[in-house]
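Each of the next two complexes has chain A plus one other chain: chain B in the first, chain C in the second.
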Partner chain A sequence: MTSARIEPPVAAVAGHPTRKSPWLSLFADPVTVTGLVLIVLFCLMAVFADLLAPYDPLKQNIMAMSRGPSSVNWLGTDRFGRDILSRVIHGAQPSLALGITAPLLAGVLGTAIGMLAGYFGGWIDRVIGRLSDVLMAFPSLLIGIMIAAALGPGFTNLVVAIAFAFLPRFIRVARASTMAIRAEPYIDAAIASGQGPIRILLRHVLPNISGPLVVVATLWVATAIRIEASLSFLGLGTQPPAPSWGNIIRDGLTEMLVTPWPVLAAGLAITICVLAFNMVGDAIRDALDPETRD
Partner chain B sequence: MIVSRILDAILTVFLVLCLVFVAMRVLPGDPAVSALGEYATPEQLAQFRQRFGLDVPLWQQFIHFFVSIATLDLGTSLISGQPISEILLINLPYTLELSFAAMIVGMLLGVPIGVLSATRRGSSVDYLARIVALAGFCVPDFFLGALILIVFGLKLDLFPVMGGGSGLAERISHIVLPAMTLGLVMAAFTSRLTRSALLEVLKRDYIRTARAKGVEERWVTYRHALRNALIPVVTGFGIYILTMLSGSIAIELIFARPGVGSVLVNGIASRDYPMVQAGLLVFALFVVLVNFTMDMLYVLIDPRLRRQG
Partner chain C sequence: MRTIHRRQLLAGAAAGAAAAALPGPVSAQNPRPLRVAVSATNMFSLDPRRSVQNADQFISRQIYDSLMDPPYGTFDLAYDKVLNEIAESWQVSPDARTWTVKLRRGIKFHRNAGELTAADVKYTYDSMTDPKSASTQRIYLSDLETVRIVDDYTVEFLLNQPNPTFHASGLISIIGSIIPRQAENVPFETFSRSPIGSGPYEFVTVDPNRGVVLKAFDGYHGARPKIETIEFRYMADPTARTLAFLKGDLDIIEGARLPGWVDQLRQQKPDTIFDQTRPGSINTLYFNMSRKPFDDVRVRRALRYGIDREVLIKAFGGIAGPSWGVNPPEFPGAFTEKELPEELRYYYDPKKARALLAEAGLGRGLKFEIIMTQREDYASIMLMVQDMWRSIGVDMAIRTIDHTTYHSEKNKNVNAVVLQSSTFAPVETQIPLAYFHSSAVVKSDGKGLNNYSHYGVIGGGGVDDLLDKAQTESDLQRRQEIIRQAELKILADMPAFTICTLSFVFARNPRLSLGFDVKAGYARYRLSQAQFTA
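Showing the complex of A and B:
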């Protein structure tokens, strides 16, 4: 007992729990990990599509049209003799590119508009609030269709259309969170210390409202992928011959009696991808925003 | 209360019409170029703009747009030359009957599954219901439609898969598969909503009181809990009707059904600019109408809202 050090009792340590990052808890849940693994796989598939795909997705082959699965074409060919597997692999590119850029664009714009409205209030806030209420009443797919129909097809137009459809969701969250932060004493302190509104918004408001906004953004990735597929299916999204999961299904409809594989493969790809983003989105929501947990 | 809701709806209609106007005229993308193609000559483009009043200042177009909607004069199709109001009148019933049928399927399946899943929380029934509900969100409606078309229409050959049919019996047989598709998607949403709303209500004090009084469990569920749980279900229902309505566009395409969605999609494919505008208009008005009806229903179900100013 010569060198006896006074150790703090264990209870005292437990009473002051070390705070684990909410991001770490994501890796504890097997469902979330499955979702993350699937997302990584889909991203790899999109990035390395050229290496992974056994054939050129655009190359037609008149000798092998509308074939079922075989050792040469694992998922068969479409009515132009193009390899379905290669097309489905390449089809991940527009889906993922759009699934990430559209919520990102909507997030950046929506946060800026919502923060300005929530911080300054007044008639600008009322107009913005009213407009986003009206837009919120529309299903995002319908707004996407409206804008895409007006702009015409093409990737940039598609991003704009879907981002616009998501915009009111971000404005609403950013606006409400900013209004809550605006009432905090440290904002008054910042104003009193002579900081300008832009500086206050960027340095004091934005870091405090980014949590819920990240949640909204991740939750809308799955929806963005679904809308991209729907719009491409309707002929408003990715234009043939470039493959996307939506237009592979549309193309496959005409020859469904001969071979259902294009429809099945592309449909399953969309479903699994949306499911994966949905699982991870829900988990991020639970981790960052435990109050909304079901 | 009701007056303010009507005023609200009128304001929304105005804003929605503005949105359609902006979408069609102000956003980049010249309607003349999109209708005639990139290789049209300047003379052709000028002629097109003159024919559709696109050469006058924007504010005049704006007034003209509202006048033509107020007088239900939506112009004629560029492709068939038929008046668009006529085309819409022919197609509208098909979309309405499909939405109605799908709504019934969604309600009849969704609410009971939700109740079952909430009252037997944690059971295998609950898990199954929740997986189905998740699938309803992840499986795109048009993929589900294609699967149903392959299995029930083509392989089993149970129902017709093309067109809308004429005569009552034919129309009913034509509506089964599309209504089943949209109804299943709707049931997934409804069951999820019913489940969470009912679970929320079953936690309340008055439910505990009712049970403590010795009220039979079934009576507690249906009489005390479900009635209150239905309020969020009805508001959510509005959103799902609209989701389903936008889904009907793809479903009409799959089953080659006539309808407003087909008008819109065909208009887009054939660059028929007045048709696209009319299709968008109908869908936009649908949104306003459904939201307004939902607000009214809300008041009917929840007596507390009736007394508020």
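Showing the complex of A and C:
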């Protein structure tokens, strides 16, 4: 095949002998490393929740309602006597599962749609562009609420709702990047060599636009976690009795006067997790941004 | 542009200074308005004929006088105890089919809407029973044939069957509130937002900051209220209400019917007075017998045995109570624990529950999903039930939806297990008829009533007959006896049961006296005798 000779210059640039891989520079910054460590810790917490949690997060104990922290319940109990620490640990599961799957789904769909629009242009671009403009006009939380309210609560519905809210962001980035790549001579060369559009998109365009898309995805993970918490807080997200950080705060509000621990613990978990993803997202953006790289 | 801005600013500042100097509307007698927070997002209707939410009814109770009412703070419906408001006196015919009410003379409506006479009473009831009026009270007046004007101050209520407790369903509180007949020409929307009654307080305004504002009515026929102004705030969030109460911004708040709420507020503000009604709402758990496996009596009994009611009641910390029969112990003729045969008391027995499930072929467990409202009292009960059932191998998944949607969905026969909370006047026939008679069966199109079990349509032979017989019985003693027979049958068949009663709770500023103690009744009371003490 002739295509091997007109491979895009991605590999050449990345492997430039005088430049370190941008990914390596991530580990140079202590802030980024802290973020990464935190993310790993949260992921481990979610995966091994059953082993880490001292109690069953659903088991009620009416004899120990709304207790403060003690040696038995480190973060106290809620109004049904459930252990807060166990609930916060288990609450990481829906938050992270959703925080990762929703941007992933939006990323895959949005990239595909955005590449089509950017590559073909014309009426396809105009239709897709206008539709994503319409979606962009709504804040993502609002779209999330509208869809979750229409479909009803539940994990799958929530993933769909948040992915849909994120979709136009990915379409935009993929479209703009594809349009820039589309003008490159090697694309013309690929077309001249008789490759089909799908192959060109997958082999020549996608690798070259993946950088900005990874940045967008990382940053939106944090937002997805925040939206999940907001929707659960509103009762549209994770359903009781299953714990999620958002619904722990929602339930905790009514007993804040007596024990602020549920609200504090879940609030802190959200804050730290979102912060960690943002720190890492920023670092990836810096690493992949050609302006700052040179 | 700039000058206008400055002027506005100056005017605002002046108004602010004035407001700061004179807190609230001023009267020489009592400068402080009484502030009440009710649990609802906003006002729906202050027209008692179309009222749907208790928050509005609490306000309406101040604006309208009712024909009669149980003595304030009670639900005592004994003929010799009932308090007359608009009525001067009343009597029941021996066959309990004609109720004659004599009206007080000289009762004035607010805003110079004239004197209250028999024609206003007839107009009020006619407009409620008119199918076109879409009155929410019409179902309670199904036995009212017609209202007859005898003279200007006497009316007769003619019933289509004997009802010795017609006053309970038709003449007290919200349903007995009389509306001036001039309202006939006023559109519903207008009247419900600018109501005219004959009660101790008249409507002033509704605004987003102060809520509904009422002021004492100068022409009231009874004793003039001691507090000049009342402001009713609509605050749906219990935490917001509680915090505002703790800050001292509110004098009365509708409590949150959540486990531990009363104790927690008491810890923060030990001198708070809690006004609590008994029994409050009746919380009934239905098994939908049109669905498998709930058509099997063993499954229903197993689920009943799987509920530890004592724990549930304890969790609510003094606002919940048991009910052994269909009617709670506070109702006349209701069963006490000891009066019931041992096997119908359904003491908590998880072993027996598991055995019954195994017998019904569900030894490996049972799994189903229900929808449930987010409202705190419903959700708390259901979360506890869910946890208790989990330990007998029953996995009930809950999908929560908002309260209004829940009510419309459950009326469409979508749930396998339904929780319903309602308040009833202490009349022995009301709950059995509303919940267990086949004519009240729920329908998929939403046009049915509150029999979510399909009892009487599926199983329950003979109970309809007993309930019908009770309704035509004019002797109260015999009526109670028939209802008790029906209750025994219902308890054995277990189509539904009262999981607990739940008091309505109001937290009150200790410096505010109501003039009576709250012991029972609907979730609202009169504020006409309220006053601040030193």
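Note that the second predicted complex is superposed on the first by the 272 of 294 C-alpha atoms of A that agree within 3 Å, B and C clash if a C-alpha of one lies under 4 Å from a C-alpha of the other, contacts with A are read in each partner's own complex, and residues count from 1 in each chain.
Throughout what follows, a residue touches a chain if its C-beta (ideal position, glycine included) is under 8 Å from a C-beta of that chain, and two chains touch if they have at least 3 such contacts.
None of these values were measured; they are calculated from a predicted model.
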Exercise. Overlay done on chain A, so just call it for chain B and chain C: clash or fit.
Key: clash
Quiz item: Thinking of the overlay built on chain A, is A:Leu253 touched by chain B (first), by chain C (second), by both, or by neither?
Solution: both
Self-check item: Contacts of A:Leu58 with chain B and chain C, given as first, second, both or neither
Solution: second
Exercise. Report for A:Phe80: first if it touches chain B alone, second if chain C alone, otherwise both or neither.
Key: second
Quiz item: After superposition on the shared chain, which partner residues are touched by A:Leu41: those of chain B (first), chain C (second), both, or neither?
Solution: neither
Quiz item: In the superposed arrangement, which partner chain does A:Gly235 touch: chain B (first), chain C (second), both, or neither?
Solution: both
Quiz item: What's your read, chain B or chain C touching more residues of chain A?
Solution: B
Quiz item: Should A:Val108 be classified as contacting the first partner (chain B), the second (chain C), both, or neither?
Solution: neither
Practice problem: Could you say whether A:Val134 touches chain B, chain C, both of them, or neither, answering first, second, both or neither? | Solution: first
Practice problem: For A:Ile100, select first, second, both or neither according to whether it touches chain B, chain C, the two together, or no partner. | Solution: neither
Exercise. Tell me which partner A:Ser66 touches in the superposition: chain B (first), chain C (second), both or neither.
Key: second
Quiz item: Out of 399-407, 417-425, 453-461 or 471-479, where does chain C run into chain B after the fit?
Solution: 399-407
Practice problem: Identify the overlap between the chain B-contacting and the chain C-contacting residues of chain A. | Solution: 152, 235, 253, 256-257
Quiz item: What does chain B use to touch chain A in their complex?
Solution: 12, 15-16, 19-20, 23-24, 27-29, 34, 134-135, 137-143, 146-147, 149-150, 154, 196, 239, 242-243, 245-247, 249-250, 253-254, 264-265, 268-269, 276, 280, 283-284, 287-288, 291
Quiz prompt | In the complex with chain A, residue positions of chain C that touch it | solution = 238-239, 242-243, 246, 256, 258-261, 264-265, 267-268, 311-312, 314-315, 374, 376, 379-380, 383-384, 386-387, 390, 397-402
Quiz item: Where on chain A is chain C touching in the complex?
Solution: 58-60, 62, 65-66, 79-80, 152-154, 235, 239-241, 253-258
Quiz item: Can you list the residues on chain A that touch chain B in the complex?
Solution: 130-131, 134-135, 137-139, 141-142, 145-147, 149-152, 157, 222, 226, 229-230, 233-236, 246, 249-250, 252-253, 256-257, 260, 263-264, 266-267, 270-271, 274-275, 278, 294
